[in-house]
Amino acid sequence: MADKIRVGIVGYGVIGKRVADAVQLQPDMDVTGVADIIKDARLEIAQKKGYPIYASIPDLKEEMQKAGFEVVGILEDLVKESDIIIDCTPAGIPPKNFPLYEKYHRKIIVQGGEKDHVVQKSFSTFANYADCVNLEKIRVVSCNTTGIARILAPLMVTNEIEDVFVALARRAADPVRTNRGPINGVVPVLGISHHGPDVITVFPELNDKIYSLAVAASFTLSHVHMIKIKVKNPIDRKELISMWKKYPRIIVRRGKDGFNDTAQLVEYYRDLGRPRYDRPEVFIWEETINSDEKGNIYLIYDVHMESIPIPENIDAVRCLMGHTDVYKTVKLTDKSLGIFESEYDYNAKLPGDSPR
Amino acid sequence: MADKIRVGIVGYGVIGKRVADAVQLQPDMDVTGVADIIKDARLEIAQKKGYPIYASIPDLKEEMQKAGFEVVGILEDLVKESDIIIDCTPAGIPPKNFPLYEKYHRKIIVQGGEKDHVVQKSFSTFANYADCVNLEKIRVVSCNTTGIARILAPLMVTNEIEDVFVALARRAADPVRTNRGPINGVVPVLGISHHGPDVITVFPELNDKIYSLAVAASFTLSHVHMIKIKVKNPIDRKELISMWKKYPRIIVRRGKDGFNDTAQLVEYYRDLGRPRYDRPEVFIWEETINSDEKGNIYLIYDVHMESIPIPENIDAVRCLMGHTDVYKTVKLTDKSLGIFESEYDYNAKLPGDSPR
Amino acid sequence: MADKIRVGIVGYGVIGKRVADAVQLQPDMDVTGVADIIKDARLEIAQKKGYPIYASIPDLKEEMQKAGFEVVGILEDLVKESDIIIDCTPAGIPPKNFPLYEKYHRKIIVQGGEKDHVVQKSFSTFANYADCVNLEKIRVVSCNTTGIARILAPLMVTNEIEDVFVALARRAADPVRTNRGPINGVVPVLGISHHGPDVITVFPELNDKIYSLAVAASFTLSHVHMIKIKVKNPIDRKELISMWKKYPRIIVRRGKDGFNDTAQLVEYYRDLGRPRYDRPEVFIWEETINSDEKGNIYLIYDVHMESIPIPENIDAVRCLMGHTDVYKTVKLTDKSLGIFESEYDYNAKLPGDSPR
Amino acid sequence: MADKIRVGIVGYGVIGKRVADAVQLQPDMDVTGVADIIKDARLEIAQKKGYPIYASIPDLKEEMQKAGFEVVGILEDLVKESDIIIDCTPAGIPPKNFPLYEKYHRKIIVQGGEKDHVVQKSFSTFANYADCVNLEKIRVVSCNTTGIARILAPLMVTNEIEDVFVALARRAADPVRTNRGPINGVVPVLGISHHGPDVITVFPELNDKIYSLAVAASFTLSHVHMIKIKVKNPIDRKELISMWKKYPRIIVRRGKDGFNDTAQLVEYYRDLGRPRYDRPEVFIWEETINSDEKGNIYLIYDVHMESIPIPENIDAVRCLMGHTDVYKTVKLTDKSLGIFESEYDYNAKLPGDSPR
């Protein structure tokens, strides 16, 4: 590609800082800058990494400068410098920023906390890449929805899903949010959790076929899903293992090989030297995969909330900028981010292969 | 009843101490004593409560006495004094005690950690009371299985269950077991969890129709179940609420009324003055109850692992001693233990109403 | 006493509900009612216990009634009915209520979260009872300060304290506050913690002689203090054990006897049948008590934040109402609350024995 | 240096794997291999990093090979290939390995869990480097002792320490040890903790002058120390801040700048890209540093148990191999490990500068 895509990141928090680092690693993209309102150690990191810093609120620019940061401009300046904006601010804020982005006709990506209806389409690479090519404004679905979408995707292509029930044990807070609990106890979501309906935004064919319940508890490392999927054509346990092993951004390994729990999994990634011990791959415990002759499939998998949607954000950039080849973008994204290579046959069909 | 049933409790741990207190509250039972091998603060409690203390291992009797406890005999003495033994020792130990109990032809109850095959039948009041009347040796199923059995029981009578999938978020350790973790992280059961198969031991008609997955995490207050039940005849959400509200040992309340999480639930029981904040009732979050026209039912409920099987243990005593009226024993047990009165119509059919 | 002291409790939260129950148990006091603004399960408890309920904010009375509660009046009505008000609302609110209390010339007690300067004196039974007799408005110091005061009190009488350094490992949230963390991590108080200075409000002779540091972490059961006290006259370890064993509201026991940690301690109180497993006694781990010939004393003790200041609140009522005999009130309070009897010689001198 | 020091690492656990990575980064050292008995994901890491793998127990070699690992020899082979062995196996095992190491006259380093008396001397760079030069067998003291030694070191040189009391809030388990608790609760060390006495093994002049108490609780990120130090010559707070800021392997920063707790601190290191988010620097919360005119000094600091002793292990290698210049080794170690540069004046005196 001749010119690199100029990507501006708004909101340098848990997701924003990872998106910035991921964009920086792409051969076809440039970070034009990061915009935020903070002026503490978190912003030090942006400065150490050399990202141009912009003040999201113009009036704060001076304060941020006084705190010792080199602030090169305000949000509007960043928008001008960018082809596309990935807005990673907390839910509710991005729509307030839309007029500014649209004034300069910038492409827009928002995160999964945001409502589906504020964008043209919700996006997940393995669900509906092709449907989103060249759109103006999309939402990359949340970590849990991304995880579910990856798990279901290969079954959507080769089988037919009749029913999904997913029960989530959610981390109550990201590691850095020390003010949040519970310390001891379990907090149920009082009703259907948003995850089932959210999956339908990227897999509309699952309408009326997916339900989710969730509880949050006292851990910070990841979400863990216990899922039951009913497919039309019963499928053997070994085939399932092989299917997911071959799929991109999914790892299938045995707990007894040193992955007995999420903490051991984190330790493995720490030891691997992955930045921030991030695990953008969905991890399935192989021993939990089971199926029966009625078409029921059961498994437990891990979803690292901080990093799972990052590769999908990168894919989304290319998608909005008109790249039609989902295989190529997945390969490029995964290689640049050091994601474990799958044995995926990239000539095979992906769910998002062609517009539906 | 003329003579009280003489009940000996072996193992004065988390379950045993509760069973002893519950037996003591029955108008038709007497605690003949408690047997254990400990000699610390836990045993102080037994002494303060006035339970005759026996040494489970004869050689330890002297040591226990030296530690200041009044030990009135050894295990065999307790067996002689009792009509029935409730063995609450850790899994694996009860079968070693069986010969001693059988030498004196005593009725035997073991707990849910024990294997099903070591007894004549696994027991759960609302599942198969009638099948167990007058048996010699039974197992009261574990806390989680008891909870599931109660939830399913009313549906077994009035409907037909086609399929059950239960996902458990388990407390990793009882509050007193401070040496156990995890502190941060989630530990999946690597395969089908034992709960589904265990339910089948009391509801054989669910064979091939129930599956369970489980994770343990960093909390100590209770287990929380997220369940999907498919019944033959679709049933309205309101009807479900009413059905469970009327059922014994089940509470249905709204989270938003001050039960947003398990810690608030515990606080309520602390405030009620329940001993040890025990919650022998299964607690269903009303807002989570949902159903659809396909016959799917969804809900989340709380299972207090320390106390849930206690009333079933009391029922089991009467069952083995030949009391055939399950309604009467449930009423008697619940009243004596201060369990919330349900609006249950005790003339209606219970699943265990008649032998199957 | 002819007439019972009429005590109104404002704020039916963690402290307020315990104060109400404690007042109710006093032979010389009556609960005139509890005032609050809630209308959920917490208030159900007040109603179940038969406490007259008042609306702290007049406009909420109707709402509370609609929610099914029998609300007999508003805050002003409660004030009229009472001789003394124990205000247990969150810090900052009591001073706003003062004008109303003062309009009716009611005695006032506030809790330890409140600032010292808003009252006439801060109060702690074993520190300065005699100084507070017949005052109008006092503050019962917080749980941690109460704990420290009890530990230091016997040394204040029989020895001379030269220096105190206390390091607190604080529970980050009460059990019921599930929205608060941290889940994993430690939060230091950034500077001197308020505990040292707070002790000086009841022991002015410790001015410039006490310092405190504190961290909060992921547990809910109690605060644990590690303390170093330097006294003028070196004192033998055995003497120390005996001294604290004899002192009221202090327990000294060996960890290895079944009190290895705070969870085992809680279990003991659950087993004892103490309401809400409350531990109004300070618990010292005997093995940690140590001293040297320089006059240094070291120990670790447990402070149950929810219940420690409750007996002191009861004492405070009598103190304000003019009862001068601190021995008698301590004995009466402790007996009524079921606090472990100490071997305290009530003819011996207490620090608050005579005005200083 | 002409020849690189050949370093063999025995025990590839929490410490061993970090020591291996640190040795690998030294310009003057080579990892000859790592020996262990495991054959799971942890060993995969060693293989991915290219460390020659040895079987610590000869009989396990074949099993490890069958599990897919390239095992190049047994422990004795590794010993032959090495000039020095860093034994990082659990306490109690190293002394059993000593005869083998000594058979080949290898220098030996053991870790802080081991007893002091099994080696010639306990070692800590800033305490007694000079005393250990050319010794045969030393112990690098534990994480907490290392942390305390660093904090005290600059005061030992420029002032005189009269008294130290340190209260530790300990992480109950390393992140990977998910089987350990407590989940909720605090576990006191029942007596003086080993830390005080352990400091004396490297700072004998503190004999009778240091005391420590400790509790463990439900967090995994680090130990946090609350310390009171009494020095002969009172020292100003600002001077203290400046003193520690300039000292190697110590960071002093304000909590309010984004380091409010240990989780935020970890996040900073994750963001920095430090391997495994390791923090070999002691971190002092600047706001907690305080002092008075009596010579008392107070502060709270963080000790990352997994990585704090790693640089000291590297120093220890050079020390045993005869390098006398402690400044040079500290500089070399710190630079190679990416430790934050201090403003330390390496011409100034270090405590271990000359034999005492």
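A few notes on this one:
Just so it is clear, A, B, C and D label the chains in written order, and each chain counts residues from 1 on its own.
FYI, contacts are C-beta pairs under 8 Å (C-beta built on N, C-alpha and C of every residue); 3 or more make two chains touch, one makes a residue touch a chain.
Just so you know, these numbers come straight off a predicted model, no measurement behind them.
Looking at A-C and B-C side by side, the one with more C-beta contacts is B-C. Taken over every residue number at the interface, the positions common to chain C and chain D amount to over half, indicating a same-residue contact. Fitting chain A to chain D on CA positions gives a rotation angle of 180°, reported to the nearest 5. Chain centres here are Cα averages; for chain B and chain C they lie 37 Å apart. Chain geometry summary: the mean Cα position of chain C and that of chain D are 42 Å apart. Chain C has its Cα centroid 49 Å from the Cα centroid of chain A. In chain B, 175, 177-178, 182-185, 187, 218-220, 256, 260-261, 263-264, 266 are the positions where the chain touches two or more neighbouring chains simultaneously. Those residues of chain C lying in contact with chain B across their complex are 17, 40-42, 44-45, 48, 175-178, 183-184, 218, 220, 253, 256-261, 263-264, 266-268, 270-273, 275-277. By the touch rule above, chain D contacts chain C in their complex via residues 165, 167, 169, 182, 184-192, 211, 213-215, 217-222, 224, 226, 228, 254-256, 260-264, 266, 285, 287-288, 290, 296, 298, 300, 302. Interface of chain D with chain B (complex): residues 172-173, 175, 177-185, 187, 218-220.
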